[in-house]
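Okay, so subunit A shows up in both of these, paired with subunit B first and subunit C after.
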Partner chain A sequence: MSKWFSPEILLTLAGVGLILVDSLAPERIRRRIPLLALLSSLGILVWSLCPSSRVLPPSWLHLFVSDGLSAVFKPFFLLCLVVVTGMASRYRLAADEMVRGEFLALPFFPTAGLCLLASARDFLAVFVALELVSISLYLLAAFHRAKPASLEAGIKLLVMGGLSTGFLVMGIAWLYAGAGTTEFSKLLLFQAGQEANPAVLVAAGLILAGIGFKVAAVPFHAWAPDVYEGAPTPVTAYLAVASKAAGFILLLRLFGIGAFALESVGVFFRPILLTLGIATVTLGTLAALPQRDLKRLLAYSGIAHAGFMILALGTRGEGGIGTVVAYLWAYLLASLPVLLFINELELLHGSTDMRHLDGMGRREPGPSLGFTLCLLSMAGLPPLVGFPVKLAVLANLWNAGETPALVVAVIMAVAGLGIYLTPIRVMYWEREADAIPAKRFPPFLIWVMLATGLLNVWLGLQPQILVRLAEKSLNPLPATEAIRE
Partner chain B sequence: MILGEITLGHYLALSGLLFLVGLAGVLLRRSLLIVMMSLELLLNAANLALVAAARFKGIPDPQVAVFFVITVAAAEVAVGLAILVAIFRLKKSTSAEDFSSLKF
Partner chain C sequence: MSLSLTLPAILLIPLIGVVAIALGAKPKATALGASVLNLIPGFLASGVVLRSGELLFGPDPIPAREVFPAKFILGLDGLSLSMLWLTLIVTLAAIGSARKGIKREKEYYICLLLIGLGALGAFLSVDLFYFFSFHEVALIPTFLLVGMWGHGDRSGAAWRMTLYLMLGSMVLLVGLIGLFLAMPETARSLDWRVLSETLKANPLSLGTQHGLAILLLIGFGTLVSLVPFHSWAPGGYASAPAPAAMLHAGVLKKFGLYGLIRVALPMVPDGWKEISWIVGLLLAGNILYLGLASLQQRDFRWLLGFSSAMHMGTVFLGLISGTLLGLAGAVTLMVGHGLSAALGFAVAGEISRRTGTSWMRDLGGLAKRTPQLWFYLVIAAMASIGLPGLANFAGEIMIFFGSWTAHPLLVGVAAWGVVLSAVAMLRAVRAMAFGPMSPAVEAEGVTDLHGLRETWPFALLTLALLLVGVIPLVVYGPARPVLERMVTP
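Moving on to the complex of A and B:
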């Protein structure tokens, strides 16, 4: 029975249900939609942690697989959904105008797509799942229709997303032309033990370019800062965490453990990944340093983080895969609270410029402390959770003997401190602006920010929890078979 | 015949050429409508390669993939045109040059 209630099906039902409630129910119930959305996303998150939610319907099994990677990442995406729903229910289009129900219902659909993507084992499934994510996100990015920046973000995301789709579909076509299949396991069989097929190499290159757009790797990064800045902040959070992780799941499945990781193909692509990683880390870090807008700063910092993860993937062996999984979780735990804080800041001040942080440390000590801890975690300072994962990337590069990449990564990790110390300096050392807003942060923010800040510290002191998560994600045994036996 | 027999390679070359035309259109053209047309061209180039692969490899799967691609392209255009209409209402223009409020 439970196999008909996979998180994907529940997410779609919840999304459709919310839209129906929004358009049909009386006003009294419609005002409760934020609560309904939050509760249903929380419920699906809890359900996705139960082992029985991982059993897939039998008819899905030739397109989807339920293995360690999908078991680790479905809760990841659902956690993003919960936080984004919470942020979206606080978001206001104008001073007193509440967002309409669609804004809360729409994030359920890309999350369903991401959960499907996490367990896809065929490029056709990957393609459809990715489009479900992208098309919903175009709508969400352009949701604030009265704001030119939001529309601009929507159209930029659409053009770049369309380009990424084009590369991906072309890659799929070349895979058919070369190997005659797009199923990951059959590709692996086709490619195993023989010279790299040229058509498969072209396909891998095209697919890598398509994924490069998704994770905002240099040279496909140009859209990210504009879209992050223009989109409503809850959507920025979704793009920065969930959508970026989607690209990395594909990279893990293909270039980490799949057909493109085989020695015959990998020998071409590991240097490419390392070069991409070096370029991405360098550009992301250096461009983030002078930013004054917090969302733009996070966009460039996200590019730098993507670069670190690509560097980890560019090294040989399974160490890189576990590192990326742990890095993504650490990134989620640090950046979602930061974005939550920025969302509240925007609600108070109407913009996300860094000058609003002036004197924040004295005015709002609780949220500021949590914000500082999360920023320091993103910077990779001990004892926060960002430190062990960044160290793991460097250790991977050291073990693989990639000295140039290691040197660049170390320099950029140190230079990156400047990105995150700037807002902290503004909060604690800058004099307060003349006009101090009368409005204060809501009380819940104090507890949420302090709790997540402490969570970052605690996980930084207990990195074995992330190690266990990474080991779990490497478990290739499909959970479906395991439960059926 | 000068070209001899038409092979899968010919089709792939043609689709690659169409892909490049589409790519150039997306990167170089200023009008957002033409950019969206170029995006369609990218996907249709891929469709041509898929159909050719189905024919020459004797497998039906790529033809199914074409249907997925067409459907997704239609959905993308629907959303894209909706955003474009909203932009036109706000700015009375659909040229990319009028969208530079977000700059470094």
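Moving on to the complex of A and C:
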């Protein structure tokens, strides 16, 4: 029975249901939509943790697979959805104007798409899932129609998303021409023990470019800062965490454990990945340093994080794959609370400029402490969870003997501390703190920020938990793994 | 009750203090209470170590085949014992010497306790993952302390210090990763006891050892302000508020030296010997270059900053001596320098708080106006010069004797260092003591240290300096078996 209640189906039903309630139900119930959305997303998250939710409907099986990777990442996307729904339910378009119900219903659809993507075993499924994600996100990014920056974000996302889809489709076409299949496992069988087919190489390059847009890797990153800044903050959170992770799942499936990881293709693409990683880390870190707007800062820091993960992926072997999985979870745990904080900051002050943080350490000690811990976790400082994953990236690079990449990663990890210390400095060093109006955060933020900050500390001291998670995501490996090498 | 629980207690007590202050307990009283209370588990743990040589807390290091074998193990042996006590005493004195009337007291004492906690954790950790992590805990409190409560160019100093220390830490981290991955896959461990034993039985190839030793030297060396990675130190200490400078120069900096003794010496011994000529060159830089630079200082806090970085050179000489005597001297000097630097910065902090300046030429006549402060100033200066009877002398003389056969030239350099240090310190003492009373000192409201309430942190550090100076055995006695294992092949 449970096979008809996979999270994807429930998400779609919930999304449609919320829209129906929003347009048909009486005002009394409509006002409860935030609560309904939050409860349904939470319910689906809990359900996705049960093993029986992982059984897929039999008719899906030729396009989708339920394996370790999907089991680890469906809860990831659903957790994002819960947090984003929570943020969205507090979001205001103007001082006293509540958002409409579809702002809460819409995130359910890209989440369904992302869950499908996590399970996809065929490029056709990947394409459909990605389109579902992209189209919903265009709508969400442009949701704040009165604000030109939001519209600009929507358009930019649309154009860049179209371009990325173009690359991807072109790549799939070349792949079909070169290998005669679009299914991952058949592709692996086709490619195993064979010289690299030029068509397959071109395809892999095009697909890499397409995914590069999704994860905002240099040189496909230019959209990210403007879109992050312009989009409503809950949507920024979704883009920064869920959408980026989706790109990495595809990278993992193809370049980590799939056909493009085979020596015949990998020998071409590992250097490319490392180069991309070096460029992405460097540009993201250096461009983040002078930012004064927190959302732009996070956009560039997100680019830098993507670079670290690409570097891990560019090293050979399973260590790199597990590292990316653990890194994504650590990134989620650190950046979602940061975005939640920024959302509240924007609600209070109307913008996300860093000057609003002035004197925050004294006015709001609890949330400031949690914010500080999460930022330091992003900086990769022990004893926070960002540290073991950065350690793993460096260890993989050392193990693979990639000295230039290692040196760049170390330098950028140090420079990266500067990114995250800047808001901390503004919060605690107080220059013109007296000029700040005494607006208070809602009380829930204290507990949420402190709890997530402490979670970051606890996981940083217990890195084994992340290691287990990474091991689980690779277990079972696709059956065809045995034929590698 | 198992006495091994005293080790987590040593870390838990400051942590509870931090939480209590955050929740609204009186900042100074709580911080002080936590530091005093911490002496009890300290005493209990020391008793066990002195009797049986070692105390451990945590899971047994069964070499389970794990991808990432980090385990939270705390341990105390003769070597970490002296570091533990250095930390406990200096933390106590630093918190005791912090005065009323600071802005945002809560955060101030939380940061101080966190620096102490980081140092305690690092010295008690047996697992390299936690060893490294705990040291980093102190990074952000230092940044905030210098930036929020510092003097002069506090912002620049805080940034320089933090990014420099982070860079050193990352190089160190790469070195530790390399060490971990250089082990055969079946023997991988992060426990330094296991690592030392394994690597003693099956040493790494010379090339690997060489590379790792250089990484560890740069990493740890940056944290210890080894020339040319020192430029964060003098300015940083000059700008830091006195208790922060006491804790950092006195305790946290010793983490780098402790790390070299714990990691580099036993795990890559041949590599360390290979690069000892590089270390020799750099430490000569520390002694001569920073010694000469300290002669040029006009500000007492800057002078202390330079002289504190300079004396690290002598400790490095002990580390490359390759003899038990040299190593024992290095450990003794680490303790001595920690105490004397803390005393120096505490006195400097008091002087500038009371007179509003730390420019030496503006402080003439201090001896007449504030005789007690003056007394402790002289003690700090004499300890730093290496007057017999104070801890630094014991350490230095052991290092000189221990290194004579291997590095006679460097011993000569180090002896010149003593001269330079004496000139700089005596000039400072003279400028501040005699001559006509300067307006800053003569000003209304400049008072001496008053009663036991204000003097005890100074007295505590002075007594500790005297104790180690007269009976250096208290430091190197317990450490001896640990060091012996490192020296004998």
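Following the convention adopted for this analysis, the second predicted complex is superposed on the first by the 471 of 485 C-alpha atoms of A that agree within 3 Å, B and C clash if a C-alpha of one lies under 4 Å from a C-alpha of the other, contacts with A are read in each partner's own complex, and residues count from 1 in each chain.
The criterion applied here is as follows: a contact is a pair of C-beta atoms (placed from the backbone, for glycine too) under 8 Å apart; a residue touches a chain by one contact, two chains touch by 3 or more.
Since this is a predicted model, take the numbers as computed values, not measurements.
K.L.:
Quick check on the superposed pair: does A:L394 touch subunit B, subunit C, both, or neither? Answer first, second, both or neither.
P.N.:
In the superposed model, A:L394 contacts subunit C only, not subunit B.
K.L.:
Pick one for A:G17: touches subunit B only (first), subunit C only (second), both, or neither.
P.N.:
In the superposition, A:G17 contacts neither subunit B nor subunit C.
K.L.:
Once the structures are superposed on A, label A:G230 by its partner contacts, choosing first (subunit B), second (subunit C), both or neither.
P.N.:
Touch status of A:G230: first partner only.
K.L.:
Kindly classify A:L406 by the partners it touches after superposition: subunit B alone (first), subunit C alone (second), both, or neither?
P.N.:
After superposing on A, A:L406 lies in contact with subunit C but is clear of subunit B.
K.L.:
Between subunit B and subunit C, whom does A:A177 touch in the aligned arrangement: first, second, both, or neither?
P.N.:
first
K.L.:
Just to be sure I follow: which residues of subunit A are touched by subunit B in one complex and then by subunit C in the other one?
P.N.:
Correct list for subunit A: none, the interfaces share no residue.
K.L.:
Give the list of subunit C residues in touch with subunit A in this complex.
P.N.:
22, 66-68, 70, 72, 104, 106-107, 129-130, 132-134, 136-137, 139-140, 143-144, 147-148, 155, 159, 162-163, 166-167, 170-171, 173-174, 177-178, 180-181
K.L.:
Residues of subunit A touching subunit B in their complex?
P.N.:
124, 127-128, 131, 134-135, 138-139, 142, 145-146, 148-149, 151-156, 158-159, 161-163, 165-166, 169-170, 172-174, 176-177, 180-182, 225-226, 229-230, 287
K.L.:
If we count contacts the way the header does, which residues on subunit A are in touch with subunit C in the complex?
P.N.:
So the residues of subunit A touching subunit C come out as 319, 322, 361-362, 365, 369, 372, 376, 381-383, 387-388, 391-392, 394-395, 398-399, 406, 410, 413-415, 417-418, 421, 424-425, 428-429, 460-461, 463-464, 467, 471.
K.L.:
List the residues on subunit B that touch subunit A in their complex, please.
P.N.:
It comes out as residues 8, 12, 15, 19, 22-23, 26, 32, 35-36, 39, 42-43, 45-47, 49-50, 52-54, 56-57, 59, 61-62, 64-65, 68-69, 72, 75-76, 79-80, 83-84, 86-87, 90-91, 99, 101-104.
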